[in-house]
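Take a look at this one; I'll ask things after.
All chains are identified by letter, namely A, B, C, D, E and F, in their written order; residue positions are counted from 1 within each chain.
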Amino acid sequence: MFYHIQKLINPIVVDEPDPAAANALQEGLGGQFGEMRTMMQFLFQSFNFRGNGIPYLDLIQGIGIEEISHVELISKTIAQLLDGAPGYNGDKFDTPGAGGEATLDIGRLAKNPHHFIHGAQGALPVDAAGNPWSGSYVHNHGNLVLDLMDNLVLEATGRTQKARIYQMSDNKTLRATIAFLIVRDEAHQMAFAKALETLGIDWAKTLPIPKFDSSQYPEVKKLLDAGLHREQYHFRLDSSMMDLIFSGSAPANDGTELVTKKEPDESYPIPVAPERPEEFAPGLDPEMQSLADALTEFKEKTIKTMEKKAGPNPRKKK
Amino acid sequence: MFYHIQKLINPIVVDEPDPAAANALQEGLGGQFGEMRTMMQFLFQSFNFRGNGIPYLDLIQGIGIEEISHVELISKTIAQLLDGAPGYNGDKFDTPGAGGEATLDIGRLAKNPHHFIHGAQGALPVDAAGNPWSGSYVHNHGNLVLDLMDNLVLEATGRTQKARIYQMSDNKTLRATIAFLIVRDEAHQMAFAKALETLGIDWAKTLPIPKFDSSQYPEVKKLLDAGLHREQYHFRLDSSMMDLIFSGSAPANDGTELVTKKEPDESYPIPVAPERPEEFAPGLDPEMQSLADALTEFKEKTIKTMEKKAGPNPRKKK
Amino acid sequence: MFYHIQKLINPIVVDEPDPAAANALQEGLGGQFGEMRTMMQFLFQSFNFRGNGIPYLDLIQGIGIEEISHVELISKTIAQLLDGAPGYNGDKFDTPGAGGEATLDIGRLAKNPHHFIHGAQGALPVDAAGNPWSGSYVHNHGNLVLDLMDNLVLEATGRTQKARIYQMSDNKTLRATIAFLIVRDEAHQMAFAKALETLGIDWAKTLPIPKFDSSQYPEVKKLLDAGLHREQYHFRLDSSMMDLIFSGSAPANDGTELVTKKEPDESYPIPVAPERPEEFAPGLDPEMQSLADALTEFKEKTIKTMEKKAGPNPRKKK
Amino acid sequence: MFYHIQKLINPIVVDEPDPAAANALQEGLGGQFGEMRTMMQFLFQSFNFRGNGIPYLDLIQGIGIEEISHVELISKTIAQLLDGAPGYNGDKFDTPGAGGEATLDIGRLAKNPHHFIHGAQGALPVDAAGNPWSGSYVHNHGNLVLDLMDNLVLEATGRTQKARIYQMSDNKTLRATIAFLIVRDEAHQMAFAKALETLGIDWAKTLPIPKFDSSQYPEVKKLLDAGLHREQYHFRLDSSMMDLIFSGSAPANDGTELVTKKEPDESYPIPVAPERPEEFAPGLDPEMQSLADALTEFKEKTIKTMEKKAGPNPRKKK
Amino acid sequence: MFYHIQKLINPIVVDEPDPAAANALQEGLGGQFGEMRTMMQFLFQSFNFRGNGIPYLDLIQGIGIEEISHVELISKTIAQLLDGAPGYNGDKFDTPGAGGEATLDIGRLAKNPHHFIHGAQGALPVDAAGNPWSGSYVHNHGNLVLDLMDNLVLEATGRTQKARIYQMSDNKTLRATIAFLIVRDEAHQMAFAKALETLGIDWAKTLPIPKFDSSQYPEVKKLLDAGLHREQYHFRLDSSMMDLIFSGSAPANDGTELVTKKEPDESYPIPVAPERPEEFAPGLDPEMQSLADALTEFKEKTIKTMEKKAGPNPRKKK
Amino acid sequence: MFYHIQKLINPIVVDEPDPAAANALQEGLGGQFGEMRTMMQFLFQSFNFRGNGIPYLDLIQGIGIEEISHVELISKTIAQLLDGAPGYNGDKFDTPGAGGEATLDIGRLAKNPHHFIHGAQGALPVDAAGNPWSGSYVHNHGNLVLDLMDNLVLEATGRTQKARIYQMSDNKTLRATIAFLIVRDEAHQMAFAKALETLGIDWAKTLPIPKFDSSQYPEVKKLLDAGLHREQYHFRLDSSMMDLIFSGSAPANDGTELVTKKEPDESYPIPVAPERPEEFAPGLDPEMQSLADALTEFKEKTIKTMEKKAGPNPRKKK
């Protein structure tokens, strides 16, 4: 059974919108080696797990749960990179296209026009070439060694692709999220490699993949310094046996130690996305809006609470 | 951010394996109107949510979180329906195919041979015709009224298809899970219909869809009597505003009331799936097994705990 | 602009339901070389047609319009082959699955369970292996000679596959429709071959493809005797220039002549499909039913008219 | 059975070619919520219709037939937006790429290169991200209430997406077609909403979706003023019972009335697409051309007739 | 540049046709982890290879070339398992379906009806669930370590799936081919594991995957005894540097040695597939047949040669 | 059985990188009518071939083998067009993205970002719109006449699309390869047309398709002058009977003769692709590199040999 808190696993950093960067980042969400795949692959492996190797089950499932939070983080990041692309800053009941103006011109020219036609400037379950995510991406072979190796290859590919995407833009919104994911992919490489170590494999100096000094990426360096690439939290309310595997010397053989943390890392506020009349989103007219408002006496309080969480909305009209 | 406990949202009932029933049930997991779709659709809608209608956000997201637990439940159910199909009851290190015997004959003839070739007799992210789940199933239009109506149609279709699958077999493992999902789909229909009621629509007597007396299904009747079709828990550790919508008279206009519950429903033990040598799952040989065993001094305790949770494994050799 | 009359291009013959035959026939509807492809390919070619070769345009488009009626015919045939598969003959408000009976057992075991889970025992836009129809099937190269040759190959493949499906069952419902389509595919081979003849090609004795004596199929023989394989009607309310091509000696070089007909062939009544409570189709409860009934004072007349068109419903309870 | 006249349901307006606008418009043709889907979904629902609710059948099927004419209109519009993109205005037997010139440079840089590689600057059965249309888009649940609601959501999504595409360009060719489709989608929303009203639902002020003042779009306003959003013609040569549903007060509850028209709206000439040597379309060489010309003594007359229909070809060399 | 000899890499053994076994074997041909994938993945990796590590290039490419011969072998095996399924043994010009007989009844009931509708009882580029092979299966990450690990996982999965398929039937045609492929997959696991050893990894006792005593499969044992699981030939006419990697102790750490062979293994005759009139294959009528026969004075000799290669055709009418 | 030499069938010409041209060329590799399709279609047809028409088998298979070398050539061409796109000319162990620079900016803006995220600037098995290659493209009808006609349409479409792509850029790397393929597609049109001539068809003046004077393309003219469009080599080490068909007057009826060549055409060196640190390709760190180097005493010799083959690497830092 799954639970949620309405917070993010890593903060979203504010920068200009960049639809092309959003499109590249889609690979990390809906691509063949993106977070939807890791989430689904690890969850299916844990649901179909056989035998009594509970620490292995707990490790695979624990990482799978973390990946749901990655899907959440990367979706919010893409949405923020897309949001406001037409530079709209107007009043709430402005009329889109009034007078026949081509206010969404950017959508016609976007890398993926679906971001503006389907998704109201939000994240989509597709990759950077516009292909929808497919269930065929999920590998669950049933054989423990094979599943662990497949997972290691998956995390290594994820890290490789993200380190390439990192170089594609210096947008801060993109970089904050991608740097976090590069570091977490490294932690997960360590997790699956360590599990294979318990079954006999010695990785020597081949890990992590790709083998480059990621501390050269400034946004990554900060997180490495904090040790985020060698720690793991199990995201379980009823504890787990993950630490029987995720502890001791790291399979990177660089003198570092793996740490299973008792308490979760800090969580971060979720930004409030503004209304977008040009997308008819959420698209309530004044009459329906007043019905919606009548729902709650806590309305005003709510907005204040959300803004307190997220900080003032930088695009709000002054 | 997401959390987990290693328990199920509804109990798995023990009955004979039935691979054809497992295949039909795949529609409810990886089909166009199955639980993977509802989970992903509601999560994407909540990640991309715009504006300050927080109770609507909390309702959509809350149901989305519940759907992850449905994916877990239905996956475990399919796995159990498949498990042991070849009638294997032997010792752990029996050798598959020894002497050239066609021990997996059933796999060649199965509705979906992938259950035996790919999945080690486990659930797959595909539908009942073997098509992999596709990201194109996820609808997130951005417009609140439209998203709520799409969700209502989705839940109505889910309920219709499950009520058809219910009639396809009287296997108890299948029926326990499908009956639970029929009832929950009805609760979710109420949720989205109620949200639309707050915006003005009057459903008269059209709901739920399909409009039939589901209490004629004995397994469903028990859950209706318990009121499970009119209650909703938000699965949030930090509470939510869902109850501003999910309360008051049900849109079915049958005199019932909607109830948002403070505390979650009971949770249920997860059965331990046995090893399957014929599938090489988990497939550790004695040498690797002893390495795995050496991991933990809690090993024996673990197995006992798992069996205590799941009850004694009915297929275990005596 | 398109128009319709609620009649069929060929009669549906009554026989027992046969879901496996229905599934094979799906290839002729939603397969890569089925009627949805021919319809869409010829329509796209006519919409994108270039230059002033109006007789070629009229020929391609005229056949495309006929193909819509083929899609209608084959859909109704599949629906009839599926209908009543569970052998249900009960009253209108019988309750599906009452008392927990597995009344739709057949759906679990069907070649394509979607026929019973998705489609309420109706035709689907998929092929005989369950793959959905794809826009990538449509070939429209823009080059006239190439498009005509592609169309000829398409019709030849359609005829080949249908002549194989013919041999797969002696069900009369299947055979009546498949025999008609075999003959019409031959007429369309002649049409595209003749158009290529006007551009210089001499087919000698290679046509039709496949080259076998289809009069050995009794249901086909009747239609050949009626000359249906050498005539074409343009289905245009404003006439066309198709006959400038479709006339003169047939490219099969067997002494026959092509005839463009001024008046359409006869049309045939559309059978009324009965309600299926076990599929919740159409699924109105008594209250909604009375609302629907109140729509029209012509109700009784309507049913009589429909039955007069289709003949008495053979499965109706006496 | 289906019939055709070689006219369009709405006029094509002449403006400059714009391949990016053509690509955006592909969503309306081959997208998940485009005209190919509406056409196929309503036709399948009518072919698989169960029970004696003939007015519902006639309504669903009548709209389905209209959608075929929409597919025709939008295809011609896309073709016109693409046509001549390389700015070619030369003589008929000009040689493409002569002397090695990169005359189709635009194709390499187009949003979808298939428009120039596959389609000879013509419409394709794909969406704005290049994905081919899929049979899985077609929803036909069998349950009448569910099918009507699905259709309403489909039309609402179509209208939403088209109102977004409207804002993406002020090209007149695009705008004339998209404005017509926005208005017709509204009429179809009314049709399915009204059918649901007959079964009890009261929509209050939620319709149409999206809820915005579309008269702010000048091209749309003209059509609203003409009442095109509240009328429906059944496109049946043998009449229908559609008007039993489509009449009386509109479900938008804005004081307007629904009108089922006895006679069709006006129809419009189809523009003649010029030859494109750089695409080898139609690509007859002089020898084959003279064979084709010999087909008909009506040749000259034909061209004159076509030009009279479409007006003089604006790109024809003077 | 590629060359061919018309011989097989392993002999086809004669047994009864078994369409269900043929269908299971499709997974090994067109499945996500089948021979089309290995062939394409290794060829793409070699075409896109970077840097001067020529022995690695030669190893990857050499195995890729061998995989084309596996595609050939497995295709011929599937074709043989399907061939004659309807039990046809008649004369060459027998007429299919004469008198309306349902001679291809088996096709309607087959696991994949496409084997009889599309493929004239031949192999198809699809998997065991009927999904067409997809280019998305090909992984070519560009990073050498990552590509080698991905290849190892691929070969391990191939071996696992084939060892499951082995158990699904004791048909000798199936078993001879599947046993050969199990052994070769093991050799290829060794190849990629050894390449990773040269970069530092120590596999201890984890290989091969799955870790079971495959000598318990009698057909496999014979090939293991011959050492076929530890040798590799480079299939290069211009030699290669593969042996710099593929030599020395096997990474299975079982005391065996890897051997790169100078000369290829023996090659085997290709069986002649008989005509199938019921499939219209090859479908020449007597007139066309005589044209074809006139092609060559070597005709008689040819047939004799082919029969000498393949042995007498066991299904030929006496 | 298949063999290889590490040479190309046509030389790669050096010019500037052009990722958009590379993307257009993908259509020729992984498109529906590209070289992967021709290769697979002809190989499947030859593996599933029925009957004793060996010269037809040898012709189809011989062309299929040549197509593998086309896949190799076009892959290398695409890789070269992509390579170095970011203009990197630095030292081997430069660090990608050091200091946070967006060195791969080009990837975000590329027509297909996968070329930089997935493929390390290498060819992919996808088309110009980013769709992965599909097994459904392979047509193998079993009927000889039908298969030959399908192949003719396929080659004609390939030639048409390539003649369009030719006009899209004057990049010399693109043009050298595309001109070669245009000419070879013409030779293959002749081959299948000639085979159909032996069965009776007379093509008059319709071939080749498209019918234009391709000698107007300067790069094509050179190859036509050399007669490359009328000759065929069988790529068989054990000879073949192909020449019984491929000889005599060409079906283009232009006075030319078809020639089956005894000896293969010349073969050409394969360029060495440089390392790309920004893609982590091959991505060995110094430690692993020294292990790899230790593999062979022939190392230095190897590099020299490769450079001798390919000429000095034009992008190598001086």
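Here, contacts are C-beta pairs under 8 Å (C-beta built on N, C-alpha and C of every residue); 3 or more make two chains touch, one makes a residue touch a chain.
A quick note: this is a predicted structure, and the numbers were derived from the prediction, not measured.
Chemist: Tell me which chains count as touching both chain C and chain F.
Modeler: Both chain C and chain F are touched by D, E, going by the contact rule given at the top.
Chemist: Counting contact pairs by residue number and requiring over half to coincide, which of D-F, C-F or C-D is equivalent to A-B?
Modeler: Repeat interface, by the over-half criterion: C-D.
Chemist: Degrees of rotation, nearest 5, to put the Cα trace of chain D on chain F?
Modeler: So the angle, rounded to a multiple of 5, is 120 degrees.
Chemist: Average the CA atoms of each chain to get its centre, and name the chain whose centre is farthest from that of chain E.
Modeler: D
Chemist: From the centre of chain A, which other chain's Cα mean sits the farthest off?
Modeler: Farthest chain from chain A, going by C-alpha centroids: C.
Chemist: Can we say the copies chain B and chain C touch using the same residue numbers, with more than half in common, or are the two sides different?
Modeler: Interface between chain B and chain C is built from largely different residues.
Chemist: Could you tell me the distance, in whole angstrom, between the mean C-alpha positions of chain B and chain E?
Modeler: Averaging C-alpha atoms per chain gives centres 39 Å apart.
Chemist: Taking the mean of the C-alpha atoms as each chain's centre, how many Å separate chain D from chain E?
Modeler: 48
Chemist: At which residue positions does chain C touch at least two other chains?
Modeler: In chain C, the residues touching two or more other chains are 32, 118, 126, 130-132, 134, 136, 141, 143, 145-146, 160, 199-200, 205-206, 209-211, 279-280, 283-284, 287-288.
Chemist: If every chain is a node and each touching pair gets an edge, what shape is that graph: line, ring, star, complete or other?
Modeler: Contact map by chain: other.
Chemist: Check the chains against each other and report every pair that touches.
Modeler: So the chains that touch one another pair up as A-B, A-D, A-E, A-F, B-C, B-D, B-E, C-D, C-E, C-F, D-F, E-F.
Chemist: Under the stated contact criterion, what part of chain E meets chain A in this complex?
Modeler: Per the touch definition, chain E meets chain A at residues 32, 131, 134, 136, 139, 141, 143, 145-146, 149-150, 152-153, 156-157, 160, 196, 199-206, 209-211.
Chemist: Per the contact definition, I'd like the list of chain C residues that touch chain E in the complex.
Modeler: Result: residues 20-21, 23-24, 27, 31-32, 111, 127-131, 160-161, 163-170, 175, 205-206, 209-213, 216-219 of chain C touch chain E.
Chemist: Under the touch definition given earlier, write down the residues of chain D that touch chain C in their complex.
Modeler: 1-9, 30, 36, 40, 43-44, 47-56, 61, 65, 68-69, 71-72, 75-76, 79, 118-126, 132-136, 138, 140-146, 198-200, 235-238, 240-241, 244-245, 264, 267, 272-276, 279-284, 287-288, 291-292, 295-296, 298-299, 302-303, 306
Chemist: Please output the residues of chain D touching chain F within their complex, sorted ascending.
Modeler: Checking each residue of chain D against chain F gives 95-105, 107-109, 112-114, 116-118, 126, 130-132, 277-280, 283-285, 287-288.
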